[in-house]
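I have a structure here, written as structure tokens, and I will follow up with some questions on it.
Letters are used for the chains, namely A, B, C, D, E, F, G and H, taken in the order the chains are written, and counting of residues starts over at 1 for each.
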Amino acid sequence: MGSDTDLPVMSEAVKTLQEFGIPFEVEVTSAHRSPQRTHEYAHTAAERGLKVIIVGAGGASHLAGVVAAETILPVIAVPVVTTPLGGLDALYSTVQMPGGIPVGVMAVDKPGARNAAIYAAEILATADGALAERLRRHKEELARSVEEKSARVKQQFESP
Amino acid sequence: MGSDTDLPVMSEAVKTLQEFGIPFEVEVTSAHRSPQRTHEYAHTAAERGLKVIIVGAGGASHLAGVVAAETILPVIAVPVVTTPLGGLDALYSTVQMPGGIPVGVMAVDKPGARNAAIYAAEILATADGALAERLRRHKEELARSVEEKSARVKQQFESP
Amino acid sequence: MGSDTDLPVMSEAVKTLQEFGIPFEVEVTSAHRSPQRTHEYAHTAAERGLKVIIVGAGGASHLAGVVAAETILPVIAVPVVTTPLGGLDALYSTVQMPGGIPVGVMAVDKPGARNAAIYAAEILATADGALAERLRRHKEELARSVEEKSARVKQQFESP
Amino acid sequence: MGSDTDLPVMSEAVKTLQEFGIPFEVEVTSAHRSPQRTHEYAHTAAERGLKVIIVGAGGASHLAGVVAAETILPVIAVPVVTTPLGGLDALYSTVQMPGGIPVGVMAVDKPGARNAAIYAAEILATADGALAERLRRHKEELARSVEEKSARVKQQFESP
Amino acid sequence: MGSDTDLPVMSEAVKTLQEFGIPFEVEVTSAHRSPQRTHEYAHTAAERGLKVIIVGAGGASHLAGVVAAETILPVIAVPVVTTPLGGLDALYSTVQMPGGIPVGVMAVDKPGARNAAIYAAEILATADGALAERLRRHKEELARSVEEKSARVKQQFESP
Amino acid sequence: MGSDTDLPVMSEAVKTLQEFGIPFEVEVTSAHRSPQRTHEYAHTAAERGLKVIIVGAGGASHLAGVVAAETILPVIAVPVVTTPLGGLDALYSTVQMPGGIPVGVMAVDKPGARNAAIYAAEILATADGALAERLRRHKEELARSVEEKSARVKQQFESP
Amino acid sequence: MGSDTDLPVMSEAVKTLQEFGIPFEVEVTSAHRSPQRTHEYAHTAAERGLKVIIVGAGGASHLAGVVAAETILPVIAVPVVTTPLGGLDALYSTVQMPGGIPVGVMAVDKPGARNAAIYAAEILATADGALAERLRRHKEELARSVEEKSARVKQQFESP
Amino acid sequence: MGSDTDLPVMSEAVKTLQEFGIPFEVEVTSAHRSPQRTHEYAHTAAERGLKVIIVGAGGASHLAGVVAAETILPVIAVPVVTTPLGGLDALYSTVQMPGGIPVGVMAVDKPGARNAAIYAAEILATADGALAERLRRHKEELARSVEEKSARVKQQFESP
């Protein structure tokens, strides 16, 4: 993540990786304030054995693009709302990457952070049957949880 | 893709997959006009051996979300500009997925379609060393091509 | 509605249906988290005797479109504000439906939820004279209530 | 429609009503340039036997709201792009109706005009079984047409 | 104003008219909820001796346009923020009037309400020398007040 | 107007002033490129006998505000589309004037330029009965012209 | 700054100038409320020995442009969020300056105010080696501070 | 500039630097496609004797930020319109830089490119009296050119 102020959002990703039992490392590094550290981190990520990189950053959010420039690992980006422009600055500066350097962008803020972790799981599951099985169960639980919520809501209303 | 009118944009993805030697299938199916076909396609994609699904659609672009709802494969989305709202409709309706069902969104139109294919290659390369090597060479070629363009542009200008 | 978190908004629709004496059922079902349940619900709605379907959802709000894809009943949508994009994501992803699959979109949040119920009443009233009469009286009450408010506000001000 | 310049867009609605065999009348009347005529038109619509009113207008698009203020018939609105604001002016000024006076809004421009007619058909079909049957067949044709397009597109590509 | 909920904003206009000693009347009337009353009000405004009409309304803010359609008096509009779209709905639906029916639009919310009253004063002052003189003094007071604020702020800071 | 490139838009205002027989002067002056000339022009406008000032400008459109700062005459602004931001830059920088210095803003581009002239006529007509009469006739012609257009459009369509 | 209400934002610039030991003066003056004072201030700024002017203002933010029109000193602008339009009005009315009269625009609100001071330091450092050295040290401290934050965040998480 | 496709816009900057007699070098380098070259270029710019860096780039426009991260020279950015998002992506991703790393942003496209060069001249002129004199003459020519345009436009119109 680009700053420790992104932590309340990005900790959703951490919690979700833990749910799925996926090992991870957490790093704060900035495209603008610590550029050399960022480049070195991204440049050596693949050889250090990382498989996927999740990036959360706000404002003129260059971190995901700068990381993607230095690695062939899939980069997943979470636009974080940190300015009065309501996340559009982070969204546009993350999603509009030029041809050649892809970044996979999630929703802004917490739903995006949770989804970044699930998307990482989906990527890893293309070569990991056990993880694929956990994702399938997660999907079933989502459906079940909707059914339970529906039952609870229905109880509150009586049609005349 | 959601309609054959998305083909001029999405054929960028096809060309790029061919460049990287990645086998693929092409399908037109609509979240709204052919919902059952779409669900069946997405629901059976994993068991038919697909590893990644690239979706291109415009307007109220529900196709990527509807596909992601039915599969645990990573879904990559390309928002296509098909209305006077300049692609914001396709972008917002693709990127703002709720927690639990991720979609990895690329840039609007052709750069996004090219990047969708490269991103698919990056995902597959997490378990395919030869493809990873091709991605590394592609990155080097991008850098070389920028240098050549710079040399050509520099020749046009003489500082006073 | 797509989630029980939409309830504070969508209960405006419920209250208004009750005001007009229109029988209804309430359901929580998600285009993304419980796709099969959603399809079955929409697919069988007409044969179960439903006449109109009101859908409330936020973010990349695909629920109304997904329901409209499976039924020929009129679908009325309420874009709910659930993200930092201020409802534009829900609005664009609901209103920009492709040719062939209409959705009738109301204002975002509570005024839209109330209007969804009145619009449903207007649709039903095309074949129900008693309901039409209630709608006519409702219009008269609206006009009267404006007159009363005007009188109250006028009392507060004295022109010099 | 608010102006004869809206005709290229709104004739999509006319063609679609003709496809479904729905009788209609066409009127140009403006909320701003011919207010009295507009009010009279809307005020007497129900008693003249109209069942649904489709309104197309652009810019500060008040026509649908002004018509809805005077009738209890369902009003369907098509925001038409007539200014450099790309249809957002027409969309916002149509969709954000206050509680009490609903308007059902379609997509901007031609897809919206086509959908307005289909939506009118769906409303009428709530009390017209033959029309409901035509709508069901239309849905099947949409699905078939997607399949045919898919087959044509597939023929163009060979996976390596 | 379109609703008594616009009062906290529009009372700025009232206060400012009182400051300038301009007689006025206050009315709540809605383009949508009390259309006939609104038309009659606007239609008879000139003959009742009104010179200028100030309109405040939010959302799909049709009131200023509907009033302007019925009168040749200058109409001044204040877009009021009443929805999650941040006033853009009220702004666009007020400012984008079609050729033939002008409305003079002010800033959103309170500064706009204050300015509406000053603008009314400027219009009346084109034929009222005493009012023109008050406006000139108001301009001088504005300049003086900025100077005083500047002096206060300067005292807080010492350059190193 | 701020530049001679605004002339194709602003000549709509000139034509309309001529239609209504209102004497006028045309000036090109820039808030940024010729600030002193602009200030002098605005500062002396009232004493030179001007009654209303119409300003057209694009981009960061400061001209109307800068003129309004120097005069107590009513200033009418036309946001002109001169940049890729589609007129939003000109609209926002014209309409969001701070409390104390009003500008009456019209629609972007040609409809706004035409309306600026009609609005000027409405302002002058508050003290000119003959001009008021011409405005009343103009309103009647607008209504008649809509009726004629409606008749022509109706002829093209036959209901089945 | 255009108003003393901009002080909570603009005091970030003051603090930062103090950090870098750059002498400064603070002034409140408005493009609209005190135009003559503003013009005189800007017109005489260079001859009074100023090197750079930082401007903070919100809404239809004309101050930076009006100052830039009167001086050849570099003008740095901070768009301040003072209205419900979320800073877009201040941003667009500051950044879209016409060819010939540049303004260097920073981010909205506090980060922009801090950056305005650092940018002023960078401009002055083009001819001041000691200041350049301080900027280099500031950059190193930024990088160090990111490292420390990263260490703190890493301690909170343990990968499973 | 980030790509040779930015040349038609950025050559405005080159022409303007030539007008002012300012020596320059032209470089194409990409934050994403040639990151190492970009970093080296920016990192060594000050010691190679550059005083100011002008950056033009479009889309998710990270180049200015990435350059600013590596140098204490003032960086001037021109957002170039290269995507269907109309330059908002380039604008937001350039202007919303985090505190600590300023970039001075100009208008989108050609006016911004011309202004970038003038702004560079203003920065250099803080320590170069001859250049300051040229800037003063340029300002006078701008004012004169407006006067000439005004005279030409005035000749076209005769007030009745």
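The criterion applied here is as follows: a residue touches a chain if its C-beta (ideal position, glycine included) is under 8 Å from a C-beta of that chain, and two chains touch if they have at least 3 such contacts.
Nothing here was measured: the structure is a model prediction, and the numbers come from that model.
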{"item": "Option in G-H, A-B or E-G whose residue-number contact pairs overlap C-E by over half", "value": "E-G"}
{"item": "Whole-Å separation of chain centres (CA-atom averages), chain D against chain H", "value": "47"}
{"item": "Chain A and chain C: spacing of chain centres that average the CA atoms, whole Å", "value": "33"}
{"item": "Residues within chain A bordering two or more other chains", "value": "3, 30, 33, 35-36, 59-60, 83, 85-86, 88, 95-98, 100-101, 107-108, 111, 142"}
{"item": "Interchain contacts, given as pairs of chains that touch", "value": "A-B, A-C, A-G, A-H, B-C, B-D, B-H, C-D, C-E, D-E, D-F, E-F, E-G, F-G, F-H, G-H"}
{"item": "Interfacial residue positions of chain A with respect to chain C in the complex", "value": "81, 86-88, 107-109, 111, 142-143, 145-147, 149-150, 152-154, 156-157, 159-160"}
{"item": "Residue numbers on chain B that touch chain A, as the complex places them", "value": "46, 51-52, 72-74, 76, 91, 95-108, 110-111, 114-116, 118-119, 122-127, 132, 135-136, 138-139, 142"}
{"item": "Touching residues on chain C, where the partner in the complex is chain A", "value": "1, 3-4, 7, 14, 18, 21, 23-30, 33-37, 59-60, 83-86"}
{"item": "Residues of chain F that touch chain G when the two form their complex", "value": "2-3, 30-33, 35-36, 39, 59-62, 65-66, 68-70, 83, 85, 88-89, 92-98, 100-101"}
